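Input: structures, listed below.
Each of the next two complexes has subunit A plus one more chain, namely subunit B in the first and subunit C in the second.
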Partner chain A sequence: MDTVKLTSKVVPELYLEAEHISPDVFAGKSNQEIGDLSVHMGNQTYKISDYFTVEGKAGATAAETKIVVAGDVSKVKYIGMKMTAGEVEVLGNADMYVGAWMEGGKLLVKGSVDSFAGIAMKGGELIIEGDAKNYIGAAYRGDWRGMQGGKIVVKGNVGSDVGSNINGGTIDIGGNADVHLATHAEGGTIIVRGIAKGRVGGQMVKGDIYCLGGVERMMPSFKYDHTEEIELDGKKMNFQVYYGDLGERHGKKKGEIIYGKIYLTAAQPEGGEGATAVKSERKAKLSEKQLEQLATELKEMKEPSVQNVREYIKKTFGIDLKPMQVSRLIDSLSR
Partner chain B sequence: MSEYIIKNGTVYDPKTEVKGEVKDICIKDGKIVDKVSSKAKSIDAKGKTVMAGAVEIHAHVAGPKVNEGRNYRPEDKLFTYQPGGKNTRMAGGFSIPTTFKTGYEYAKMGYTTVMEAAMPPLYARHVHEEIKDTPIIDEGAFPVFGNNWFVFEYLKNNEMDNVMAYISWLLKTTKGYAIKIVNPGGSEAWGWGENCTTIHDPVPYFDITPAEIMKGLLTANEKMGLPHSIHVHTNNLGNPGNYKDTLDTFKLAQGVKPNNKFGREQVFHHTHVQFHSYGGDSWANFESKAKEVMDYVNSNKNMTIDLGCVTLDETTTMTADGPFEHHLTTLNHLKWANVDVELETSSGIVPYIYDPKIKVCAIQWAIGLELALYSKDPMRTFITTDHPNAGPFTRYPRIFKWLMSDKSRQEMLKGFKNSDKVMAATTLGSLDREINFYELAQMTRAGPAKALGLTDMCGGLAPGMDADVVIYDINEGKIKDPEEIEKAFSAATHVFKAGTLVVDNGEIISNGNKRTFWVDAKVPTNTQVERDVQMKFLKYYSVNLNNYEVSDHYVANPYVIEVEN
Partner chain C sequence: MSKTITDVVCPFCGTLCDDLIVTTDDEGKKILGVDNACAIGAEKFIHSSDHSHRVTRPRKMQEDGSFKEITYEEAIEHTAKILVNAKKPLMYGWSSTSCEADSVGHEIAELCGGIVDNTAAVCHGTTLIAVQNVGIPSCTLGEVKNRADRIIFWGCNPAHAHPRHMSRYSIFPRGYFTGKGAKQRKIIVVDPRPTDTTNLADIHLQVEQGYDYELLQALRAAIRGEPLAGDVIAGVPKETVYEAVDVLKSGRFGVIFFGMGVTQSLGKDHNIDAAICLTKDLNDYTKFSIVAMRGHYNVTGSGQVLGWQYGFPYSVDLSRGFARYNPGETGSIEVLKRQEADAIFVLGSDPGAHFPMRCVKEISRLPSVAIDPHITPTTEICDVHVPVAFVGVEVGGNCYRMDNVPIEARKVVEPPEGMMTDQQFLSAVLERVKELKAN
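Let's look at the complex of A and B:
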């Protein structure tokens, strides 16, 4: 396998759309030809060489081509779009649509990515070592065909609407998942190793969602059915199996109705009643001492945003407050 | 204006009965003429095919439901956008292209006149705004009358003069072209969650039947002498066994003679007959009844049809047949849009994938083609896809290929996953007829122009007619591979619209001077209808009468066809 190394020379003023950074496009091209490929910023067209140095050598086919992307590409979109073979390795963070419509090969991002990574993916492997934002492995806007095959691994946390319209393949999330996980799923597998926030599997008709850290609040349209021993990561674990979304149509196979299934680990770290009882956020409150510390911190933050303060509280005190609570705290403490 | 002479092309023109003769065509001041001066620009068409600009009799290309399709299907546009050029604007979309793409794509295929097949009167302004934004092609729009409260009440009371006065008023108010009827009564019944699945099902509350609605509007149309006949999409579209309802509908026109001054010979046009030619009583024994339907059409010269060919694409269905769209979304579980247009109609939209691997879709494909191949009169059988319902209009060249080449049909039939079942449910495999270029010109030019009452204006190459002329780089006698047909008809080398060269070497070079056709049908002053209109707007409509009319500035370059009674 031959390797082309792209190193970012300048951070684009706006966002760069670089769908040509893919082994399929690079294969068989000289470095000069690769440098001449187009990238877009706003309504302007530029060349890859305007933003990157091109070193190394592309292979004869996509399968024989690896692309390493170095430097700051946190404002570059569409890396590895539609790739069918070969490898792409992004050493830092990347922007939206990484591995979108991907069909094969391997795409590794060592940092974090923005939204829409791996949308409508059909095959291959997309690994994100950091966090990922919203709509990972989902469908394109308006479409009903989300991820259909392959594997997405996000080692950190993911945002909302991940796996929306998924109907095949696997999404493995190391951290927590925000709301609207697997909306309208018609197949596929999602594993959340942290906490799934809520509204999991809304309108789901088929597919499997494993929530190892529980679901903060289950949809009322999912119903506990049975407990089952299932092997995951080579370990046998007991899961409570929920069927849903009961408000949706469901197909039949050999006379039996097929449901979407949510698997919750039977043993919960916090105890409480059943799997859904992750620490209730309604009761979450900061102590006097914590409030004092937060007030000092707020003074140092120039323009404290709800999101930043919420992150700070989560990191420092291990308490996840609702945005509304955070907003009230900021108001009262800065007065 | 400039003069042109198109030299030595092989001309196919049913209007002048020219069947593939090598002939020069002269253009002067926007019209076809006998001869031009020596200053005329000469275009060499040797070895090429020359026809009049094609005429689209039924497509959904402008208005609220087309635009809602665009709105709610961003995925239809994905990866389709072309940037603007010197003479073109940015254009995109596949089954529901932007207005600009609609104009460009029709022109590139050699289509110069297009009829929007369903205009909800309440949203007529929107229809005309989009027509205005669709370049090159002349357009007209058919307001829907088949579920209109005025029509129901007047027909129920046998007040034919009032029906005619209302039709005249609505055509004028909406700048409409013809009387369109969609699922008569059924779209109104949908407001009660019901439908009319036969032509004798009474409409809830109004207690009138689809048969009475169609017969009444047909009578009014002929009494008024409108350029086009009533344009019908009958009840029970898309269901197994519906060919009986279709034949029942056809029989409503039996024996009625046309009355008009526009050279129109039919009193009844039925659209997208493919969707109405189904046998069997379930999807399991679903089969073609194209032969039965065409036997009737062939022996009744006072009617015309268009095909509604399935092109086996992913597309967007949209119709004023609201209950049908609901039925469809329960079949394919894809997203559904549904609208009630107060007092006038309903409407629905659902994306649809005509998958060749699915038996029913392959049978539908075969039925569309069978209808054309069973036709004994190409002047009364027109090629459409009911765009975008059975497929996008951009697939017309592919349909031409299938109709013109038995080989290409046989390859399709053999390639289907359920080949044996498809062959058993259809007769396409045994039809070796191949439509020739002259018949194609009848089915796409002279025929639809005549049915629309435009036979002296477009769809032909007689001196005095509009100079809508198309050159295709194909020679009927020298086709080796059917693919050449699709390629040549996809990209005309030259297209003239009313004497202006709009496509040159396959490129759009001008946006022409598009016109909007509408029909001003004069009737005696009718104070009762005037009062009824005022009352309905006061009592029921959510808009003011003054905000309803399509006033002149909405209409792009209007061309008014006046009808004296």
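Let's look at the complex of A and C:
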């Protein structure tokens, strides 16, 4: 396998749309030809060589080509879009649409990505070592086909709307997931190893969701059915199986109705609303001594902004408060 | 003596009342009185005819923050240059003007390679996403008046936001099949707080703030006769949910009206998605429709014009010469927050008052133009403010009601002398943009 190395020279003024950074496009091209490929910023068209240095050599076919993207590409969209084979490795953070409409090959991002990574993915492997934002492996706007195959692994946390309209493939989330996981799912598997916030499997028709860290608040339209022992990652675990979404249409197979399934680790205690409720982290609070110190500090600051105060608290006390909490704190202390 | 103009269309909210009677003086310059309108609508007419407080010529912000009067020609030149020089201009607003003006504006955006977005981005845009996902079984307000006997108000408060909606269409009017008016109708209001609308409700589902989606899905499950988990569903007792379902199923014709309470709370498009699916499910038992309570009088029209020109109703990115649409990437809030745009053009909206502070700061940082008859927080932070005539008061134009019915707004008085309309100003800018692009 031959490797092409792109190193970012300048950070773009706005955001760069670089859908040509893909083994399929680079394959069989000389470095000069690769540098001449277009990238877009707003209504302007530039060349890859305006923003990147091109080193190494591309393979004859996509499968023999590996692209390494180095430098700051946190303002570059569409890396590895529609790739079908080969490898792409992004050493830092990337922006939106990483591996969107991907059909094969392997894409590794060492940092974090923004939204829409791996949307409408059909195959291949997308690994994100940091966090990812919203709409990971979801459908494009208006489409009813989300992720249809392949595998997405996010080692950190993900935002909302992950895997909406998923009907195949696997999404493996190492951290926590925000609301609306697998909405409108018609198949596929999602594993959340952290805490799922809520609205898991809303309007789900078919598919499996494993929540190893529990769900903060289950949908009222899911019913508990039975406990089952299932092997996951080579370990046998007991899972509570929930069927749903009861508000949605469901097909029949061999006379039995096929529901979407949520698997919760059975060790979780039964919650109030018939659902397994887990408190996430306790709301962070300041001690009285810290409050006093903050009050004197606030007097010194002329116009304390929420952002500044929040940073100050994080720095001195090591507590990360929510902006809303901070703004209330400022109000109460300034009175 | 005075002149009376009948059947005037009110350019305030999406209800677009078309039965106003406006009295003007003989020369047709001053409005003396407005009949039939709600307090807000009447105030809009009276206010616009009082020229003493209005800015009548474009103003340019000086270095010290004060404004200096400039001519319309200078304003046109400035606007055209900003748009032509930008790599990705954001053209936002379009909701408080006529469809004709919108159309000219979109032509400019296409030439300059910009983003066109209307106020749906912070309002009912999520509705449009949901409609794209699952379709919409809708009807006109006339049908509601004549047929509906089950009304749901979900996350909206028409008593204050659309004051004449309830008396003209939804609760009180006696229609062809609804001869007994309010007595014949059952009203369900879903709102986390008691409001003036909930006072009129037969059933008030006091949903827990931010859990509309759970309640909607629970209602859908209850309609299918499925069991619900827990005794309290999203703050509403289980019995009340089943009671509400019985009321809905027993009607002859029902309508769901929904507002910003669901479109902009947690879940956004998913809430509407579920509400539309609820409507679809109820159609297995009786006839049901769903209508969005749109805010600005012509926000629907802006979506319609964008729809027939580019295929997408809002947040249309034309920067690469073809239309792309993906709220979350091309929406105004995201674009400003991520600093993706390098110029901003605002027409017929007030983002300065409604956008998050980070976005407002971004507007003040970028080269900007605001076109608005009023002095607003937006005009105060933009480089150039261009005052224009009021559409629906000083100039006519086509507008769309919240149920997608086009209504031609009428001119009742003359604008202040020498003042341009939206359409005239935009046409002049378009002409200048074409000249600049040709060079």
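Criterion: the second predicted complex is superposed on the first by the 272 of 335 C-alpha atoms of A that agree within 3 Å, B and C clash if a C-alpha of one lies under 4 Å from a C-alpha of the other, contacts with A are read in each partner's own complex, and residues count from 1 in each chain.
We adopt the following convention: a contact is a pair of C-beta atoms (placed from the backbone, for glycine too) under 8 Å apart; a residue touches a chain by one contact, two chains touch by 3 or more.
What you are looking at is a predicted structure, and each value in this text was computed from that prediction instead of being measured.
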Touched partner set for A:44, first subunit B, second subunit C, both or neither: second
Which superposed partner A:245 touches (first subunit B, second subunit C, both, neither): second
Partner contacting more residues of subunit A (subunit B vs subunit C): C
Partner chain in contact with A:302 - subunit B first, subunit C second, else both or neither: neither
Partner chain(s) touched by A:221 [first = subunit B, second = subunit C, both, neither]: second
Which superposed partner A:235 touches (first subunit B, second subunit C, both, neither): neither
Touching partner for A:140 - first (subunit B), second (subunit C), both, neither: both
First (subunit B), second (subunit C), both or neither touched by A:253: neither
Where subunit A meets both subunit C and subunit B, residue numbers: 140-142, 144
Contacting residues of subunit A [partner subunit B, same complex]: 139-144, 249
Touch list for subunit C against partner subunit A, complex: 86-88, 112-114, 129, 132-133, 213-214, 216-221, 223-224, 226-234, 266-267, 270, 273-274, 277, 281, 319-321, 325-329, 338-342
Footprint of subunit C on subunit A - complex, ascending: 13-15, 17, 40-44, 96, 115-116, 134-135, 140-142, 144, 179-180, 183-184, 199, 202-203, 217-224, 245-248, 272-275
Contact footprint of subunit A on subunit B as seen in their complex: 72-76, 78, 333-335
